[in-house]
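Beneath this line is the structure, given in structure tokens, with notes to follow.
Chain naming follows the written order as A, B, C, D, E and F, and within any one chain the residues start at number 1.
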Amino acid sequence: MVNTGDTAFMLISAALVMFMIPGLALFYAGMVRSKNVLDTMMQSFFAIAIVTIIWVLIGYTLAFGPDKWGLIGGLKWFGLNGVGAAPSEYAETIPGLLFMIYQGMFAMITPALITGAFAERMKFSAFVVFTALWSLIVYSPIAHWVWGGGWIGKMGALDFAGGTVVHISSGAAALAAALVIGRRRGYKVEIMHPHNIPMTMLGAGILWFGWFGFNAGSSLGSGSLAGLAFVVTHLSAAAAMIGWVTAEWWKSGKPTALGAASGAVAGLVAATPAAGFIGPISAIGLGFVAGAVCFFAVSLKWRLGYDDSLDVVGVHLVGGTLGALATGLLATKAVNSLGDNGAFFGNPALFGAQAISVVATIAYAFVITVILLKVIDAIMGLRVSGEDEKTGLDLSQHSEAGYALHE
Amino acid sequence: MVNTGDTAFMLISAALVMFMIPGLALFYAGMVRSKNVLDTMMQSFFAIAIVTIIWVLIGYTLAFGPDKWGLIGGLKWFGLNGVGAAPSEYAETIPGLLFMIYQGMFAMITPALITGAFAERMKFSAFVVFTALWSLIVYSPIAHWVWGGGWIGKMGALDFAGGTVVHISSGAAALAAALVIGRRRGYKVEIMHPHNIPMTMLGAGILWFGWFGFNAGSSLGSGSLAGLAFVVTHLSAAAAMIGWVTAEWWKSGKPTALGAASGAVAGLVAATPAAGFIGPISAIGLGFVAGAVCFFAVSLKWRLGYDDSLDVVGVHLVGGTLGALATGLLATKAVNSLGDNGAFFGNPALFGAQAISVVATIAYAFVITVILLKVIDAIMGLRVSGEDEKTGLDLSQHSEAGYALHE
Amino acid sequence: MVNTGDTAFMLISAALVMFMIPGLALFYAGMVRSKNVLDTMMQSFFAIAIVTIIWVLIGYTLAFGPDKWGLIGGLKWFGLNGVGAAPSEYAETIPGLLFMIYQGMFAMITPALITGAFAERMKFSAFVVFTALWSLIVYSPIAHWVWGGGWIGKMGALDFAGGTVVHISSGAAALAAALVIGRRRGYKVEIMHPHNIPMTMLGAGILWFGWFGFNAGSSLGSGSLAGLAFVVTHLSAAAAMIGWVTAEWWKSGKPTALGAASGAVAGLVAATPAAGFIGPISAIGLGFVAGAVCFFAVSLKWRLGYDDSLDVVGVHLVGGTLGALATGLLATKAVNSLGDNGAFFGNPALFGAQAISVVATIAYAFVITVILLKVIDAIMGLRVSGEDEKTGLDLSQHSEAGYALHE
Amino acid sequence: MKKIEAIIKPFKLEDVKNALNQIDIKGLTVSEVRGFGRQKGHKEIYRGAEYEVDFISKVKVEIMVLDEAVDEVISTIQEAAFTGEIGDGKIFILPAEGAIRIRTGERDKDAL
Amino acid sequence: MKKIEAIIKPFKLEDVKNALNQIDIKGLTVSEVRGFGRQKGHKEIYRGAEYEVDFISKVKVEIMVLDEAVDEVISTIQEAAFTGEIGDGKIFILPAEGAIRIRTGERDKDAL
Amino acid sequence: MKKIEAIIKPFKLEDVKNALNQIDIKGLTVSEVRGFGRQKGHKEIYRGAEYEVDFISKVKVEIMVLDEAVDEVISTIQEAAFTGEIGDGKIFILPAEGAIRIRTGERDKDAL
């Protein structure tokens, strides 16, 4: 039966997750050069549009429809047929439509996260095709595996709010994308300063705010579990900000604002799979480690030579993996009796399940993304011309300039 | 009796609608030249201040007080006398004061929407007087007609969240204002680039987020109806983004970021009257059409020669009219038994009622706005001097500069 | 017992208060010179990080643990021991962890408010140490006095949402900080324009939005009291915007956008202690006076010669004091039977209690802040070198630039 | 060869560019500047504090021209940038010794 | 007639403008520039990657003056812009051939 | 003494600076400009309205050099800024009469 309190919380949580996407647009756009600011923002905005339509027509039923062989959902809810006021089996106190759209917001933000990897060089048309297909072929299946009655969920792996489904899948896809599309012109030669760090910080602030809807909302109702997830999320973000800034203060001699913003996001990512399963003090530990580790992870790209423009791999793949594995260690039924115990609480099996879910998600997302991009490249080309890249994508792809001459 | 879940949702919804106004300020301000950025933002901010005071003192009772002749509310709740903790007859599960302030947020944003039409040239003092009077003489009566027990509501016309009350009224007033105040200096000669499109996109993101409070909140409680309105709103916005961008891609050869943001807003506008009355698939259709139609509508101003600076007519008048009429076609009791069936569901009478409500609202808002502006012009002057317009309104009206020299 | 509606509202309220901090970062950062934009933002962001950790480990129990001598809380909840799903005695319908984190958000924003006083010249390392210690030695005790069972609350003084705890304490600390750290180089000689007023206005919009969580949320549940606090907050902000702008229009001949934003914040501050205790019409009066008074208060710094960079004293100390005293006049059991009557409603004793609470808070916060800063100065130095100050804190403290060359 | 520098009001830039275009000037370079001169500045107010700001936004147009074109360029700018109000700006003439087109290496006359 | 160009530290602009004002210089034009010179640049750090940034924010002041005023203008700027630290900047002197006030058509001496 | 002004493509700035550095040029000043020339502008579209925008972002590099260094500086810039496409930009040579280092009062050769 629909409960007004649960529904109120889930309505707002859905709105909050949607608000994360403009937040992400700002977070990313502040880090690119000003000639690419609009293209970067528009990729996030347009991901909303594309995925919304795909999700309501078919993505939702593929993810949450009746399970087929543990791999994919059936077509029962094709075109939202039968999805309405009545609660679904997944959340028995909120309207079925609301569960559908809440899950849809996750489907939207996931491909938007990937855009950070190929920022400043992908053709907008290729981006559109890629996002549509990726959502169908990568996102919906993985969501089904974990949350829709598929094999990962059945195996007993825990993912409270999308550590594997959202962050690892997009992070692995980002790595694939960075490798397939290649480096930006001038990478490692020119200095590619973030053009507007306050914009990035505002984006981080919006992300943090919206993440409460993302993680606490994943309890699918209002109550103690939501409260726990809220607290774990916040503590992890705060601790990760300290972790990142401490690491860079020690390493480069300065605490940076971009580092603080990045650290917070890393902590939010790491908290995502764990939020409803671990205690507050564990959250602080997890966050601190995630912040420091992601700081070192983003510098890997310089050594390994791939150009993941905005560090989706270092933050989302690494942070998400860390969070998913940490859940296998730190989870405890003491805070959530519907959860499970992790290795530190006497149940090493959970860690195993977590590790399998991580590896499977990375492998699937990486391989399918490579194939998808290669096919798109062959058919329509992935990358703008060198001239267009130098001019900037705002002018070349959209005939717009982000900022006009002062008047 | 006050229900905590309903009240929780309405408290946050009221906050979300309020947040739309700074969002609107950014949406508009990004599109003006940098010399007018503060004046543009301040008009939206100050609309909050002016209308808040007017609304609590008298506007609320004029709109929602006991009906007089179907035309206006009585003075029973003058100065909020008798408005308190107890629920009003309009919303029986939330405190009366909360219903009052929730409705007040609608009253505030409506004149703020109009400011886009006369941006970059109206005297700030004239704006203040206009906004105060318009709220009293135009907004409160129309709100009464539709929602307060007046003739439009009695006639059976549907307006879920303000298609007529908010968007058509402000859109018609915008057309009147653009005609009365005349074009900006240099219109069609100089290039008047938006000075900061990322700012406009952030504004669109905030508007979208807040619109969930606007439309889902218009169910005046938490539950299935709010869930439906939420989904319809989101789908319409997403589909309209695609509609607008597709139309411009086809017409001008490029998909633009400003187009994506504008399309989303057009879809939100079109969904407003329909949100609680139509199904999700209808919402996609409505949104797509609204996006494409509004794209063509905004270019009308170039042909017809009036200067509606930020396209209030093309987006709000056209989008609102489309949504109101579409409600007359697509509404179905299958999704909301308290609603009605539209022409496509066997009840052409609804379309008639919708059409009458649209025409009446346009006529009333347009005529009264023209008269109001002419009177204000005669008494105090509407428009800044040519010199002030060239200098910019920030310096001439406010002695401020939006942006300082880099230091 | 946990109520889903109350919990839903408090979850979102906690998120809203957290969102105020990035809002504050923007509000402040828009007013500094562009060379200090990141340092200013980062101080607010980092205050979240530092205080979160301190709060969960020890600050919460010092503030809300079992009362010791009316002065401080005991260590019962050290490290959140015993704080979990069960409601605390302070809020019986929401999870204990949620009450803890909601209060934590107040603890975070309070030192962030102070940063406006020493903006553009404090060493980042000194800021970190100061914030950590201030939170422990000043914030937690005052919160205990007022809300945690301490002497001010027992005396019968009212503080709905933190007029003394948040605004007076931070405002008094700001005055202390401005005096101890001294003026910025070039103060009164160079023109120190706000570098980006639209950023400040966006910040004000976010603050206003979040303040609904701050004030209405302070009813600790969803219902009529929250509705009242919401309305009082909004009306006070709107009226204060008019009060400030009217005063400056009369005094300097122009209504400014920065004035509108500042006035709104002043009104929000003044409403904070009063929100759940006074009626709507009183709120309009309070707001209007607060706006006008704070306008004049900010100009005091020019006469008295201290450099409170971003007017924390004029807005938070003055506005908070005004609100706290006004509560002693305007409070009435007619709107909240659990509140009290003020002097205007036959109970002058309340005004006395309010006055004592104000004086005690100012005295304690001021004196301890002076001592703290002097000690920190002696040990590690408070202020950046003259060269670093001229270069700007972004480069000198963080090796970052807020904005890159246009490309 | 001369270098002409004109400081003009920003909203006159389109006019000046178009006028120069019509007399076959094929290149010019523009930058945002702030000018101080007879045109009085403006008051700015921030939280009640009033500042007299002397600097006014202007645009600087730089054009390299052959000696024979100098007069025409000057009179064209003068006409196109004229409003008759204080602050219309100045045109400065500086001697120049050469010009090179980077792409081709062409020099002087051929480089313009 | 000469054109004086001074590259100075941004926070010295007010001082320089006021000093020039006192010796009766009635007009000048200012722009934001980035300088590279002996003053060492600074390190910037973005997500752990460190960059040595050579360019430093400076302000360029341009003043057209009559020959007889050149020395006074130079020494005034020199004094007002002086801090004694590396990076105080330079003053350049360029020959100029004429000036025109757009509003009136006045030339040279009368145009300044 | 000469003043060299080069208008180049923005993404070539690092290259030009480094190349000049290698021939021992110790100072230069850079500013953002917008150029109009043979390189065709671009279309911009705002809500369906299309505009032909003629101005293109460029960077101006200014260098004071001694007469004997002029040729080397020019050829260095030419090489470093070259892409071979229209819009690579120009180098202008202007006569200059002197330079002063504000910090020390050194003049001309010693001031550079």
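As a convention for this text, a contact is a pair of C-beta atoms (placed from the backbone, for glycine too) under 8 Å apart; a residue touches a chain by one contact, two chains touch by 3 or more.
On a predicted model such as this, the values are computed, not experimentally measured, just so you know.
Colleague: What's the fewest number of moves from chain A to chain C, given that each move must go to a chain touching the current one?
Modeller: Each step joins two touching chains, and the minimum needed here is 1.
Colleague: Name, by label, each chain that touches both members of the pair chain D and chain F.
Modeller: Intersection of chain D and chain F contact lists gives A, B, C, E.
Colleague: Can you check how far apart chain A and chain E are, centre to centre, with Cα atoms defining each centre and the answer in Å?
Modeller: Centres of chain A and chain E (C-alpha means) sit 50 Å apart.
Colleague: Mind checking the centre-to-centre distance between chain B and chain E? Centres are C-alpha means, answer in whole Å.
Modeller: Each chain's C-alpha centroid was found; their separation is 50 Å.
Colleague: Distance from the CA centroid of chain C to that of chain E, rounded to the nearest Å?
Modeller: Taking the average C-alpha coordinate of chain C and of chain E, the gap between them is 44 Å.
Colleague: Return the residues of chain E touching two or more other chains; collapse runs of consecutive numbers into ranges.
Modeller: 11, 31-32, 34, 43-46, 50, 53, 85, 94-95
Colleague: Would you mind listing the residues of chain A that make contact with two or more other chains?
Modeller: 3-6, 8-9, 12, 191, 193-194, 202, 252, 254, 256, 258, 398-401, 403, 405-407
Colleague: Linking chains that touch, what shape results: line, ring, star, complete or other?
Modeller: Graph shape, chains as nodes and touching pairs as edges: complete.
Colleague: Going by the contact rule set out above, which residues of chain F touch chain E in the complex?
Modeller: The touching residues are 3, 17, 26-31, 64, 94-103, 105, 111.
Colleague: Tell me, which parts of chain F touch chain B in their complex?
Modeller: 43-51, 53
Colleague: Show me the residue ranges of chain F that touch chain A in the complex, using the header's touch definition.
Modeller: On the chain F side, the touching residues are 9, 11, 14, 34, 42-46, 50, 53, 85.
Colleague: Over in the complex, which chain C residues touch chain E? Could you list them?
Modeller: 186, 189-191, 387, 390-391, 395, 398-401, 405
Colleague: Sort out for me which residues of chain C touch chain D in the complex.
Modeller: 191, 193-194, 248, 251-252, 254, 256, 258-259, 262, 295-296, 298-299, 302, 311
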